[in-house]
Amino acid sequence: MPVMSTNLIKNFFSGPATRPYPVVKREPFPRARVRLVYDPDKCTYCGICANICPAAAITMEEDRENLRISRHYDSFACISCGRCAELCPQAALLMAVRTHEPSDAKVVEHSTSR
Amino acid sequence: MQQVRVDRGADAFISPGALLKEVELLASEGVRFTTMVCLDVDQEFEIIYLFQRLTLDMVRIRVRISKDEELPSISSILLDAVLMENEIKEFFGVRITNLAIDFQCRMLLSAKSPQTPLLKVRPQSQSLGGGE
Amino acid sequence: MGFLKRARVKSPWILHYCTGGCNGCDIEILACLTPLYDVERFGMLNIGNPKHADILLITGPVNWKNRDVLKRLYDQTPDPKVVVAVGVCAATGGVFHNCVNTLGGVDKVIPVDVYVRGCAARPEAIIDGVVLALQKLEQKNSGGVAYATGTR
Amino acid sequence: MARVTFPFGPQHPVLPEAIQLQLTCEDERVVEVLPVIGYMHRGIEKAAEANLFPNNIFLCERICGICSFIHALCYCELMEGMMDVEVPPRAKHLRVVWSELSRIHSHMLWLGLLADSFGFESLFMQCWRAREIILDTLEMTTGQRVIQSSCVIGGVRRDINEDQEPDVRRKMDAFRKEINAIYPVFAKDYTVKSRTVGKGILPKEQAWSLGTVGPTLRGSGWDYDARTLGYAVYDDLGFEPIVEDGCDSYARMMVRLHEVVQSLELVIQALDRMPKGDLAVTVKTFPEGEGLIRVEQPRGELVEYARGNGTAYLERLKIRTPTFSNIPALLVMLPGCELADVPVITMSIDPCIACTER
């Protein structure tokens, strides 16, 4: 305890270290990798992201009758590795810095090719 | 042994009967157990024992046994091998005898888990995912 | 009883249990309790006894061995209680989706009220999740929502 | 005397992870201990056979969230060795920077948890506050706090560019101030010494024969560190393993404390020597044959073995994690100790259950 006391006194006068999170929101670092943003207009449904996804969060489904491909993205399975955004040839996927908000139900995003 | 690359078939296989004698010889030289790797090769198990010398080089022993053959445990000579032997027994169903501590295939898996998960072809009688 | 109900919402006690993930979310939960994110500001306290807890923070995909432990912890926690699944493996299994020994998601075993996304979940997201859990606790307290009845 | 057996865990406030120790006690003294593991087992080795081999990086990273970068590094170095890929020198230096940063963050985390295990709350808080500087550096440079996902086969995905480098150095200076304040507390404080000195003795001979690795081995007087094998660029950096002769919890703690300071110097050295150039090379082949690699994790030596067959799927991936070989040491250290010392001694091997059970 005696050795620690100098630290304690210093900490007492150095002001709080706490980030008052919900009140003051700290800007994440510009290269942070948190959330996957998808642009359905740019997507060509090539399926590279679905093949490479290590968590199987992106899946592609082929509807042979109507010649359509639908893409499903489960953000509750996404591990934010950013591999898909790196490999997307159309830059339809981006990693954004905004933190995910909590939710009370699992929702899967769908989109279908025209 | 190199840090990374090991060419296949670089060292000879020894028979399971000669295993204990070989390990005893190594242990008397001050060699300690590092790990063992089990591979499911067609109708046989290939088991690689890796040891470490005081000079930090690695020593390797390879054993090939058929799937229903028994393998003596080396845990009586090197006690710390017991966890890895239990793991192999559990994951592959290798019949290892004379284990110093036998977890009865319940070290990592539970009764409801899929049994012997690392076999390439699982026995038909076991269902995947257990039962409720 | 009005005082007890209010006290429960103003100072929820947390029980943290790891059901077999990678630890990433566990250390982020601990990071929430330490100076920089300090959830004790909200009156939250991390405790080791399920009988004192109001909020269960569960991380990791459930496996066959600790499924029973998790059920037991859930049963021992007194009503009203809120379950928060932290991290994507607690929600769906995430990267462990094809691992043989996992069940994939806490909601296969016990009912989950709040999901927190992220791998690993950031402390900011965990704080947000706990704040949402508090609202759920308040609703359950005032009888707005029927108590979770369990899947058994 | 009556013997009592009772469980320590799987849910216990000292251990964030699920492990059970079945302790048999006579009065306050532990006479027998049996670790019951398996509460965190997922089956990663099987899943690694079912995944495409580049996807296994992200799976291997999540064996353990604390030393995740080094798990990814180990897998990538193994695959590169099997496919004869030459990694660009800049990527090698970046790998050293990030693996040493994650070593610092793991050791600071452990030092805090050790302080917590004997009830020294203010020290716990101070360690974790200092650790956040490292986490900020990691987030700034790789994009994520604990699971960096920045190592790929053939190089790295992220760079520390010119605008970031002064910032990283500033953060390292800030961290040095913090560790200078924490160091004397661990080294000299009466409370810390009375709870760790002479507790959990692991004699030198037994430390070798039981197969312990990492700080547990080095705390018993063996100068073995897998970094001396010279993967990445460790052979170019001035690196000497840290050894203590005490054989007790205090010695193991001092090894880790010194390693924090050493890792800080390694980070600075790697930043100074960092050459310019490419970050990664493209890999077009598939792994074939067998490979074995040893790298040093914060907790000790990590051994990985892989066998490939020339396709995109591995035939077998075997991961021997450090805690797996440190657990037998608990069977020697715990019997004979007092019940109140069980958390401290268990913490002193830095158990990582997620690693052990994979």
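Think of it as A, B, C and D in the order they're written, each chain with its own count starting at 1.
Simple rule for what comes next: a residue touches a chain if its C-beta (ideal position, glycine included) is under 8 Å from a C-beta of that chain, and two chains touch if they have at least 3 such contacts.
Everything numeric in this text was worked out from a predicted model, so none of it was measured.
Asker: Have a look and report which chain pair racks up the highest count of C-beta pairs in contact.
Answerer: C-D
Asker: What whole-number Å value describes the gap between the mean CA coordinates of chain A and chain B?
Answerer: Chain centres of chain A and chain B, defined by C-alpha means, are spaced 41 Å apart.
Asker: Just curious, how far off is chain C from chain A if you go by their C-alpha centres, in Å?
Answerer: Those two chain centres are 21 Å apart.
Asker: Calculate how many whole Å lie between the centre of chain B and the centre of chain D, each centre taken as the average of the chain's C-alpha atoms.
Answerer: 25
Asker: Take the average of all CA coordinates in chain C, do the same for chain D, and state the distance between these two points in whole angstrom.
Answerer: 27
Asker: Name the residues of chain C that each touch 2 or more other chains.
Answerer: 35-36, 63, 65, 95, 98, 100-101, 119, 122 - these are the residues of chain C that touch more than one other chain.
Asker: Note the residues in chain D that touch 2 or more other chains, in rising order.
Answerer: Where chain D meets two or more other chains at a single residue, that happens at 38, 41, 43, 46, 51, 58-59, 62, 129, 144, 147, 357.
Asker: Provide the list of chain B residues touching at least two other chains, using ranges where the numbers run on.
Answerer: If we look for residues of chain B contacting two or more partner chains, we find 108-110, 117.
Asker: Is the way these chains touch best called a line, a ring, a star, complete, or other?
Answerer: other
Asker: Output every touching chain pair, sorted by label.
Answerer: A-C, A-D, B-C, B-D, C-D
Asker: For chain C, which residues are in contact with chain D within the complex?
Answerer: Answer in residue numbers: 15-31, 34-36, 46-48, 50, 60-61, 63, 65-66, 69, 73, 95-96, 98-102, 119-120, 122.
Asker: Going by the contact rule set out above, which residues of chain D touch chain B in the complex?
Answerer: Residue list for chain D touching chain B: 37-38, 41, 43, 45-46, 77-78, 81-82, 208-211, 224, 228-231, 289-294, 303, 305, 307, 315-316, 318, 320, 324-325, 327-328, 357.
Asker: Within their complex, state which residues of chain B touch chain C.
Answerer: By the definition above, chain B touches chain C via 108-110, 112-114, 117, 128, 130.
Asker: Within their complex, state which residues of chain A touch chain C.
Answerer: For this pair, the touching residues of chain A are 16-22, 25-26, 34, 54-56, 74-80, 99-106.
Asker: Can you list the chain D residues touching chain A in their complex?
Answerer: Those in contact with chain A are residues 51-52, 54-59, 62, 120, 122-123, 126, 129, 136, 139-144, 147, 149, 157-158, 181-182, 184-185, 188-191.
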